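One structure coming up, written as structure tokens, with questions to follow.
When the chains are written out, they are named A, B, C, D, E and F in that same order, and each has its own residue count from 1.
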Amino acid sequence: MFSHKKELQYHAKPERPDPLFAKHLQEILGGQFGEISVAMQYLFQGWNARGDEKYKDLIMDTGTEELGHIEMISTMIARLLDNAPLNEQEKAAEDPVIGAIMGGMNPHHAIVSGLGAMPENSAGVPWSGGYIIASGNLVADMRANLNAESQGRLQVARLYEMTDDRGIKEMLSFLLARDTMHQNQWYAALKELEEVHGTTVPGTVPREWEATDFSYDLINFSEGEESAEGSWASGATPDGAGEFAYVKEPKAHGGKQELKPAPSYVHGTPPTK
Amino acid sequence: MFSHKKELQYHAKPERPDPLFAKHLQEILGGQFGEISVAMQYLFQGWNARGDEKYKDLIMDTGTEELGHIEMISTMIARLLDNAPLNEQEKAAEDPVIGAIMGGMNPHHAIVSGLGAMPENSAGVPWSGGYIIASGNLVADMRANLNAESQGRLQVARLYEMTDDRGIKEMLSFLLARDTMHQNQWYAALKELEEVHGTTVPGTVPREWEATDFSYDLINFSEGEESAEGSWASGATPDGAGEFAYVKEPKAHGGKQELKPAPSYVHGTPPTK
Amino acid sequence: MFSHKKELQYHAKPERPDPLFAKHLQEILGGQFGEISVAMQYLFQGWNARGDEKYKDLIMDTGTEELGHIEMISTMIARLLDNAPLNEQEKAAEDPVIGAIMGGMNPHHAIVSGLGAMPENSAGVPWSGGYIIASGNLVADMRANLNAESQGRLQVARLYEMTDDRGIKEMLSFLLARDTMHQNQWYAALKELEEVHGTTVPGTVPREWEATDFSYDLINFSEGEESAEGSWASGATPDGAGEFAYVKEPKAHGGKQELKPAPSYVHGTPPTK
Amino acid sequence: MFSHKKELQYHAKPERPDPLFAKHLQEILGGQFGEISVAMQYLFQGWNARGDEKYKDLIMDTGTEELGHIEMISTMIARLLDNAPLNEQEKAAEDPVIGAIMGGMNPHHAIVSGLGAMPENSAGVPWSGGYIIASGNLVADMRANLNAESQGRLQVARLYEMTDDRGIKEMLSFLLARDTMHQNQWYAALKELEEVHGTTVPGTVPREWEATDFSYDLINFSEGEESAEGSWASGATPDGAGEFAYVKEPKAHGGKQELKPAPSYVHGTPPTK
Amino acid sequence: MFSHKKELQYHAKPERPDPLFAKHLQEILGGQFGEISVAMQYLFQGWNARGDEKYKDLIMDTGTEELGHIEMISTMIARLLDNAPLNEQEKAAEDPVIGAIMGGMNPHHAIVSGLGAMPENSAGVPWSGGYIIASGNLVADMRANLNAESQGRLQVARLYEMTDDRGIKEMLSFLLARDTMHQNQWYAALKELEEVHGTTVPGTVPREWEATDFSYDLINFSEGEESAEGSWASGATPDGAGEFAYVKEPKAHGGKQELKPAPSYVHGTPPTK
Amino acid sequence: MFSHKKELQYHAKPERPDPLFAKHLQEILGGQFGEISVAMQYLFQGWNARGDEKYKDLIMDTGTEELGHIEMISTMIARLLDNAPLNEQEKAAEDPVIGAIMGGMNPHHAIVSGLGAMPENSAGVPWSGGYIIASGNLVADMRANLNAESQGRLQVARLYEMTDDRGIKEMLSFLLARDTMHQNQWYAALKELEEVHGTTVPGTVPREWEATDFSYDLINFSEGEESAEGSWASGATPDGAGEFAYVKEPKAHGGKQELKPAPSYVHGTPPTK
């Protein structure tokens, strides 16, 4: 069960409106790695967790915080849209910079939400439940989380480069900090878990299920052998169970790809002849 | 530029048709972590790579291999659909197990593809370009890749549990092995890269951009303090730059969430009064 | 800013697992009118609200409650999946009812989430940001909310009919009650707002913008005149500004639909001549 | 069965081409509340209606009219694209306003449709069947319809503000008028239906299905008590069956959210220890 | 402008309800090549047509007819759902065939539409505007149309095989006939147009725009030379302008795929050194 | 199984960066008829092919080539983004043309991919598996392929008109040529197949399944009789089996569209009485 406080977790006041930047900020609100994604991802992971209370609590702490980040960025977007100019011909004739802004705005901000944030990314594509990950395996999901915070912080850093507005930068500086924390915490949790469950997910697959002849081979499917120089092409494997090998010539083991003729009731083209 | 060999990388012959399992296998073909996803993810990462030839080559080796896995699983699905029964009433009246199968089949396998594989997941949702990740930052993307192979291998293990068909299990044993390799290789590459670029992505953000007061705090947004017991709540942080702290009471720093009145031209409800 | 309590708002314990019903319950979790939709709809409306504190607070109260409903239904789904049978051939051969269940399960529950809830509807389609409504006009949005709670309660009532499990019915009885409240509260708020702003949205459009000759005509586009019998075909209009009229023969006022030839640079088929 | 007349229902001739406005108009053609949505929503409601001929006829009258609105707006969009400039460098170098226009155009209008309308919204996202509502319950669906026409007319009013072109304004004045009618007719139909079936949907749920202790409580999930001032917080409820109550402190009734351990065959992380 | 007649174009009465078949029929209603697709495709082509009245009229005749087919199939689906059994446990315990049916039904038919048709395909995925084609080039679009009717009739034939219900078969026999007509008419129109505009679309590309060295080469990218035996590997080309050639060894002409280093402001991983 | 060569199939070097054109090129990479679509379409057709080796090999040759086209266009897009300006205010103030460019860029190119290509179309909508066609019937699928190459070449021609950059034009000249070849080869294959299997798909439907009274009638659903002038309105039909007829007055054969009342358990509005 949740409760809500009307104060924002951090400042979200731009120096001045900027409808183009409002469009760009949508990426970290409703994009693949926006705040809706991390909030939903962590909450579903928490609700689906079956055991291990300390991980579950950590996940719920973080998922709940991210709800507050959705709020912060939504607020910033609405403020960036304050009194956005909507009538093109008139204003654009006077000032081409305004023309460029109006040409570049997300039209949903004007027509659909009436100068408010939308649950969509910077191109205007609605957020999708298909973005999130909650597999029931904590090692796998900590990797998903570490990735999410890495992609997210990278996007925040790019947005930081794209503006000179000190108010926007202030909010982004907070997001950079929280993403630093979240990367560190998932990293720490992942190390804990890998020590117990091993580095290969899932750690519960019996050796005999696996075609172990192929478990540590780097196969050279792309001509050129630069990849043979990496730490993944020779030496002990990170899981401690094998030795990397480099296979110069890919081999096919599966025979020719061919299928039986279709039964007549599917109305394929009958075999010629 | 690519070229194609007609032999499959590995065996993809079931002992007998099984249209329900064909539906389930679609998950690792066209689902969020299916073979289309990893093929496209690695290829886009490779094409977008700007420098560091040995990583790029590794990525292209693996992306190209995954194209062959799409082929293998597509072939298996088509074979599982060989002569699938389509006419319900008649057959189901005789044999309720057949009725259950027909009720549970992916109808696209019958109506749309004529007993062939589809680029969609196990619920019949089409594959989406929104699944993949290619950010131009190698540390971030190696985490995405490590996650993808973890989620993928987990799904293969679950499918392995769901069938007794030795032919299907044989193909899955190969996928388990290759996913072991791919997890190990991305793990090794990630370690190499983290040593150079640090563990917090992106490593190029100057310290002064960040609201460092908040960079290492675990904030207790979900009541209960189980999360305080983890390695992420005290002690040195994995990035080597700070100390974790546990914040029992979340604080709001951003003031009340409120917006200016809307201009009349957006036709919101005017303020009452 | 949000905080989280580990207790559920209401009971969510089924008498026994039922993986088919778990699939069906996904509709009110991740469907068009599921709990993710109402939570996000209300929260975005609240964050985008520009003035009128008492409506905003009501909206935030309700949006925050709905977050707890996502949690409740997710929990119920996970419990309905406890120890769900996954291996088809074996079990289905013994018991066709189990075969039917396995044929009918959402495969994501087995393969993707490992017996947990998913952010998707009962057909397995991911939740979409395109479902929600937050227009910045409170009269319009109260109608959206009243509709959402009407569709939602209708779906809950149908699910109530579909099961005999007393634990599920108990949770649904709570949702029926809360949806009763939410319909009543949006209804009351709508009446308040209509009294101030009128019944036609937006109430701020000057009369002279409108082609008033067409503002109160019911035009008979579908043959048969049954619709002429309703309260919408004659008498005073609800907005108090006109009289309904019934137009038996639709008239076209816009001239023939035709376009200028395409310029050569779009490479349409050039006009035949 | 339908038939088609080549004349448009109303004028759709702009004074001059305006490719940016063509992009914006796509919202009311292929957006969530565009003409495709209302046409399809009403037609599916009509086709699925089981009884009550006068409502069904009204719905079919209106759905059929909306098909003609799709046509009108498509025509307007095509005309706004007449001879749109496509070659950027050349033209933009001469005139930055043209540059802004070309930067802001929907690229599909140039590349995909060859200066014609697209079944997509103003951001270029394809229309989705997931937008429409046809539940089989007339009270619920009349609320959906009233909302659709409210959102739609609001968007038309915003577009009206965004242009000075008298031809576009003329078409929008007609849409404003028809949306006035459609709001009034659904409003009237809704009142008729609520009188018979009550205001809480569905009206057929027996009292004993509902956890009536919670049917009229406003629960204060968002701190601050402004919402206690509304007509929804005390006094008789609109359904005439209860009294609103204001609950200052939310209570949890459902016990701790926790799940049984996962069975080993789902390959979650096994419980530590 | 459209008008509607309440009679169906053809019979749509099944002998008996069949909720599983109702799910399957959704494919030709709301699938990629369902009736919504062809109706919308033809109508958008008609509205976007710039010249050539006789093609435009043919397209509008056909698009308008398809609206009536949506109606026919929606009606059939609703009738197949008459009194569909929804309560699983009870009924399935008595009769496993009923269990199979309920496991296999589209849950939307029960929960969302209340025994009515949905604008979605047989897997429950909503219809998408991304399916349709209206390019402004008639030769291209006639090919799209010929394809649509070919895929559509193929799906109808498969559905015909899947049922013994004479009422359903009667409706399908009508659809088979109309699809025969539509294939023949688009075929005839295409021949007319190809005679005028040539067989290569668009026919307006000047020869000198094209790298003509590559215009008629079949390149052997997939090992094995079976493709060399077809009429596409030697002899005159259908466009009458060249000779097919078979290229045994694919050649790369574009140099190595490599990119410049990223500027620092995108925060990629800096080049290792 | 596939292998990869690092050289590009053809040149993909622009004269200079152009981030707006990068956005436009996304259409032929990740749009409905972009290279991802044709690659996936042909590969799935090839893998699902059941017999007729020479067609299958042709399809696999072409599908494999298209993988190389994805690579070429991705490379071009990345090069067009080299050092794209991202910081709006600063640059736009100096130069409105730059302002227009930044307003018009795909924000994903800056924020998400870090100056690399994305698997999405020119509006930023992710590629969807719902675009492709692989039906198992070769005549149908050759029509799909002929259409795909026609739409694709048309889009390339439009893009060719939209730029003056000789490097881009060079790459497009190659794509024009390959699309010429692909149109010719699918055309030739289609002719071969139609000679054997007839022109109506599927050719395997027995005459008696079809309501032949309606197989060759053009029905005048859109007023005006221009369509009566075409080769599709009289004379022998292309399939050689009938005579076209023109039906001036559409007739309804199916009786009134009406449904039985809903059972009470769906909670529709009960019939008024």
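In this text, contacts are C-beta pairs under 8 Å (C-beta built on N, C-alpha and C of every residue); 3 or more make two chains touch, one makes a residue touch a chain.
Model, not experiment: these values are computed from the prediction.
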| item | value |
| --- | --- |
| Neighbouring chains common to chain A and chain D, by label | B, C, E, F |
| Chain pair with the higher count of C-beta pairs in contact (A-F, A-B) | A-B |
| Longest centre-to-centre distance from chain C, chain (CA-based) | F |
| Equivalent interface to D-F, taken from C-F, C-D or A-D so that over half of the residue contact pairs match | A-D |
| Inter-centroid spacing, chain C versus chain A (mean Cα positions, whole Å) | 27 |
| Chain F residues counted as touching two or more neighbouring chains | 1-9, 32, 47-48, 50, 60-61, 63-65, 68, 71, 75, 78, 86, 96, 99-100, 103-104, 110, 112, 114-115, 120, 123-126, 128, 130, 135-137, 139, 154, 157-158, 161, 202, 204-205, 221-222, 224, 250, 252, 257, 259-260, 262, 265-268 |
| Arrangement of touching chains [line / ring / star / complete / other] | complete |
| In the complex, chain E residues that touch chain B | 18, 20-21, 23-24, 27, 31-32, 96-97, 99-101, 103-105, 121-125, 154-155, 158-159, 161-165, 221-224, 250, 252, 257, 259-262, 264, 266-272 |
| Residue ranges of chain D touching chain C (in the complex, touch as defined) | 5-12, 32, 46, 53-58, 60-65, 68, 71-72, 75, 78-79, 82-83, 86-87, 110, 114-115, 125, 128, 130-131, 133, 135, 137, 139-140, 143-144, 146-147, 149-151, 153-154, 157, 160, 169-170, 172-174, 176-178, 180-181, 183-185, 187-189, 191-192, 199-202, 204-205, 209-222, 224-227, 229-232, 237-239, 242, 244, 250, 252-257, 259-260, 262-263, 265-268 |
| Footprint of chain D on chain E - complex, ascending | 1-9, 30, 36, 40, 43-44, 47-48, 50, 60-61, 63-65, 67-68, 70-71, 74-75, 78, 112-120, 126-130, 132, 134-137 |
| Residue numbers on chain F that touch chain C, as the complex places them | 154, 157-158, 161, 265-267 |
| Residue ranges of chain C in contact with chain B within the complex | 1-6, 47-52, 86-90, 92-93, 96, 99-100, 102-104, 106-108, 110-112, 114, 120, 123-126, 135-139, 193, 196-197, 202-205 |
